[in-house]
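Both complexes below contain chain A, partnered by chain B and then by chain C.
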Partner chain A sequence: MLKARRLGALLAALVLGPGGVAAQAPWRSITIDERLAAAAGLTVGDRAVLATGAGAPGDSVIVAGITRRGADPSEIARSEFRVRLHLDHLQALTGVGDRVGRFAVATAPAAASVDSAAARINALAFGFRAYRAADVAIETSATFRVVNRFHRAIGVITIVASAIFLLCITLLKVDERRRDVGALRLLGISRGTIVRAVVLEAALISVVGSLMGAALGYGASALVNWHYQGVYSTPLRFAIVTPGIVAFATLLSLTLGVVAGLLAAQRLVRQPPLELVGR
Partner chain B sequence: MSDTRPSRRSEELVLSARDVRRDYPVAGEPVHAVRGISLDIARGEYVALVGPSGCGKSTLLNLLGAIDRPTSGTITIAGRDISSLSDAEATRFRLTGIGFVFQRFYLMPTLTAAENVQLPMAEAKVPRAEREARTEELLGYVGLAGRSEHRPYQLSGGEQQRVAIARALANRPALLLADEPTGELDARTGAEMIEMFARLNADGATLVVVTHDEELAKAARRVVHLRDGVVVDDAGRAAP
Partner chain C sequence: MMLRLAITGLLRRRTRTALTTAGVAVAAAMLLDMVMLGSGMRESFRGFLEQQDYQLRMSPRGTMPFDTEATVGGAAALVARVMADPDVEAVAPVLGGKLFVTRGDSVVAAFALGVDPALQADYVLVEGRDIAAPNETVWNGAMLEAAGRAVGDTVRAAAGYDPQLRRYTGARELVIVGRGRFVMLSGGELAAALPLATAQGMQADRADRISVALVRLRAGASADSVASRLELAEPRMSAISTEAALRFVDERLGYFRQLALILASVSLAVGFLLVTTLVTVSVNERIGEIAVLRAIGVAKWRVVAQVLVEGVALSLVGATLGLGLGLITARWLNGILAAFPGLPAAFDFFLFEPSAAFRSLGLLVLCGILAGLWPAWRAASLPIAKTLREEAVA
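Coming up: the complex of A and B.
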């Protein structure tokens, strides 16, 4: 059985199946990414023909491995497939010898520093330009840094709006208890005790609320990740809830709750108790 | 029940008010709610303050309870002049020196009956074991021993008022003040409350009750009639 699968980018066609392919020995091995494996129904050990275009002569290859894509946000929207093969094989297949655009060099831990390695590469020939992986990452993630700043701005606006909302709600909720507070004052409960009780309650509500919010956020992020990792076939995590975020949210919520409770309670206990009970 | 007694009954004065006045500024003009009232109440007395609406009886009760301050005059309760206390001092005095029973009970809705009774004792730093024992005793005294874990909404009006009485007695006050204690109760429950006050007085409590309820006023040994901010009659006053 012979069937064809269309590939994008560099290699235009991958012809699959054991029959109809001119036998070549030894078979070269390739690796394909998960997305291609899923689309073409390939598994490790399958044989295929790798060609530069539909109908073009190709090489018989064997799938030696299936790779998982890195969590690179710049790749999630691309629908391309990825095939890895040895450099000489690629050159032979494409019919062009020295056409490598970029390659990566891993430095051993005991080797010379990355900077000296880059300097040596740059000195090899005119036109070579070596970059540190970190610099490449920064350069390619510029767009995401802008998006990140935008998200931070939304976060700050949300926090400010929430703080105002929380303050208003706390003032209203505490004010609803004006009769109880007035009765307590009439009975001889001190202002300090009432303020402490209100602040303690506000603090408890804040901590419990923020922990519930963190749990909800954790569940929602898991759902978002599950959905979009499936949509884009990527291990990239689209939403994350880290312990640092939970700690920040809890601390912020606690601070806001205590301040709101303090303001609301102080506002109430300054009024005469008879006024509070409506007499 | 000996423990509900604030102290031994005697002719010792618990309350002494001298020429007490209370003016309120209303629209720039002073309104004279209380106009120079003098009143002595001995330990163990049961006094009803009666009079038409607006005669100043609730204002007088607020002054006697250190809730409000007189414009002039002095009020001494259990030997302490309360007419010029600071807010914090007056609050502390209300906690330990006075027991209040209000028309609308003013129980904390989120607390149980026992917790409501314990509240003034907790504020007064009474040790937990002692306040639990006293709460049990007081709830038993007002006939609510089996309802200590009920919250106010689970209690009838009469039961809520009895919890309020137990709460008022918690810190063994020198004086028990009640403002229209039967005002929110039906006739039968009101009658039970009148019996309760009579029993309290018989057990040694000094009571001052503001009321429109004729039955409650009749139960008092002494009835002070007020009109336009002055005492017009003081029936049953002990001879000096």
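Coming up: the complex of A and C.
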């Protein structure tokens, strides 16, 4: 059996005007979002008139609280102001009667399955459709899923560019030491030792570079979050550097570094030592 | 001669040159993509708006067209008042709503537009004919497919559903007379157009109401001044010019422009670093050669020019390859962003504008020149005798 806590929600477009109309008792309370508070210059305790349209008769209300947007991706690009009022108040104000736009249903902790609960509600209430919160979240975060795929694609291009860059730099660095390598080979140092030394150096550079990159990434993500949280007035975090991401980046960089070092070193040790020293 | 020497110098280390060129090509491709992304969204949206050939859009005060379900009443009088403005040539009223059609046991819901067929700019007819009678409708391909109908069919459609009475409201028999491409709707969105009076009549609370009025101005009229005038005359409405709508799009999709700017800067920096590194190493390797050239009387500027030509050649070849690569990756990225919700199906995030593309690639080549400048000057300024002695000892 479903033990449900029902939350009705009705959405409507309202107009907020300055207070000061004839006294009414008791004054109903509303909450407004901080963007509206800033734009209309309202603070907690202020009075205002709520109406369904410009010039329409409205209700005098008192601002009981100022809300901040939740971390909801679907809200990110929406610029409307938000006013929250009691359900019966909105129903009376808009004249829609005993109607709601949607219900939020909390299932009992022991409920076997949200799916079966949704199926029972759908069978019970003709004309409604129950969705799992997870499905609604997926639907409303479609924008972010597209952006996420776009970021991944950009990431692939960046990895290709980094790989070429790293290979190029390693090749140049190894080439710069042609004479040193030639001299070492003439002194009897084996090809394998030289290859291992070059690969080790490339690996060390990759790891140190990755750690510096991770630090830079932490700084950049903090900057990105600070900027976009301000732009969109949301606590949503836009960039997160997780240990998994750092580990992936380090491993990728290490692999690229080792491969680049190996290729460059192999190329070098194949040449005769005298040619390497310029004779 | 100078070019030949530069090419010979680059070909001496083929792998290195190939890798640097590839690196510059990827950087150029990314730069091109980001330039296309930066301007593409705005210009693509401008194209959609201008294609409609209406310079102003009037929507309920404080809302953007179809951004909310808000409507305004007294539509006929409102349209007449707007038409009375001397700078207004035509007004196309539009009412947005829902259209429900049954298919077997299921219901197909579509976005419905009540339009004046003679003035509408919301769809382009691709099959059949346009609406000519009150009971006629034009659907898009997605709607025809979802409802399992074809042009010529007669359907029973409703404008609403009353869950308390458990019945559809405002049901009408409609004849599908055409298939249209709805220019401002996203790819899979189901859509239907029907005469404005029919759409208004299908729901009791929509009588004489509209969601948007498209306003066409006479030639030479200023959109901003007419918009201000109309807003003053119609306090219930916001009049939005194409530029204002573009500013709104900029605000909504500003993230992509900022990302484009950051990545374009990073691409330029990467290209610059690559060319600088290669030219510096290449010059360091040839210090002896350069000293000999200077010793036999080759002027300093010729040495500098030759090194610069190497940097420019690398950048030019890389930029040319990057142009092709950039167009391919732009297509790929555009395919990913095509799924962006709420945007027209034909919306292009990446728009190729030759002037912008060549300007950005020119900037990359300029970076190549700057990248070679310092190592070239340093090499040409080395003391000849000392360098020759050191090179001989080495």
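The criterion applied here is as follows: the second predicted complex is superposed on the first by the 246 of 279 C-alpha atoms of A that agree within 3 Å, B and C clash if a C-alpha of one lies under 4 Å from a C-alpha of the other, contacts with A are read in each partner's own complex, and residues count from 1 in each chain.
The rule is short, and it goes like this: contacts are C-beta pairs under 8 Å (C-beta built on N, C-alpha and C of every residue); 3 or more make two chains touch, one makes a residue touch a chain.
Nothing here was measured: the structure is a model prediction, and the numbers come from that model.
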Aligned on chain A, chain B and chain C: do they clash or fit? fit
Name the contact category of A:Gly58: first (chain B only), second (chain C only), both, or neither. neither
Is A:Gly261 touching the first partner chain B, the second partner chain C, both, or neither of them? neither
Quick check for you: in the superposed arrangement, does A:Leu274 touch first (chain B), second (chain C), both or neither? first
Have a look at where A:Thr143 lands relative to chain B and chain C in the superposition and call it first, second, both or neither. second
Should A:Leu187 be classified as contacting the first partner (chain B), the second (chain C), both, or neither? first
For chain B against chain C after superposition, the smallest C-alpha distance in Å amounts to 5
Set intersection of chain A contacts, chain C complex versus chain B complex: 179
Of all residues in chain C, which touch chain A in the complex? 13, 15-16, 19-20, 22-23, 26-27, 29-30, 60-61, 63, 68-70, 161-164, 166, 235-236, 251-252, 254-255, 263, 270, 273-274, 277-278, 281, 284-285, 329, 332-333, 336-337, 339-341, 394
Which bits of chain A are touching chain B when the two form their complex? 179-180, 183-191, 193, 273-274, 277, 279
Going by the contact rule set out above, which residues of chain A touch chain C in the complex? 13, 53-54, 77, 79-80, 126-128, 142-143, 146-147, 149-150, 153-154, 157, 160-161, 164-165, 167-169, 171-172, 175-176, 179, 228, 231, 267
Chain A-touching residues of chain B, taken from the complex the two chains share: 58, 62, 67-68, 87-88, 91-96, 98, 100, 102, 104, 106, 108-109, 119-120, 123, 167
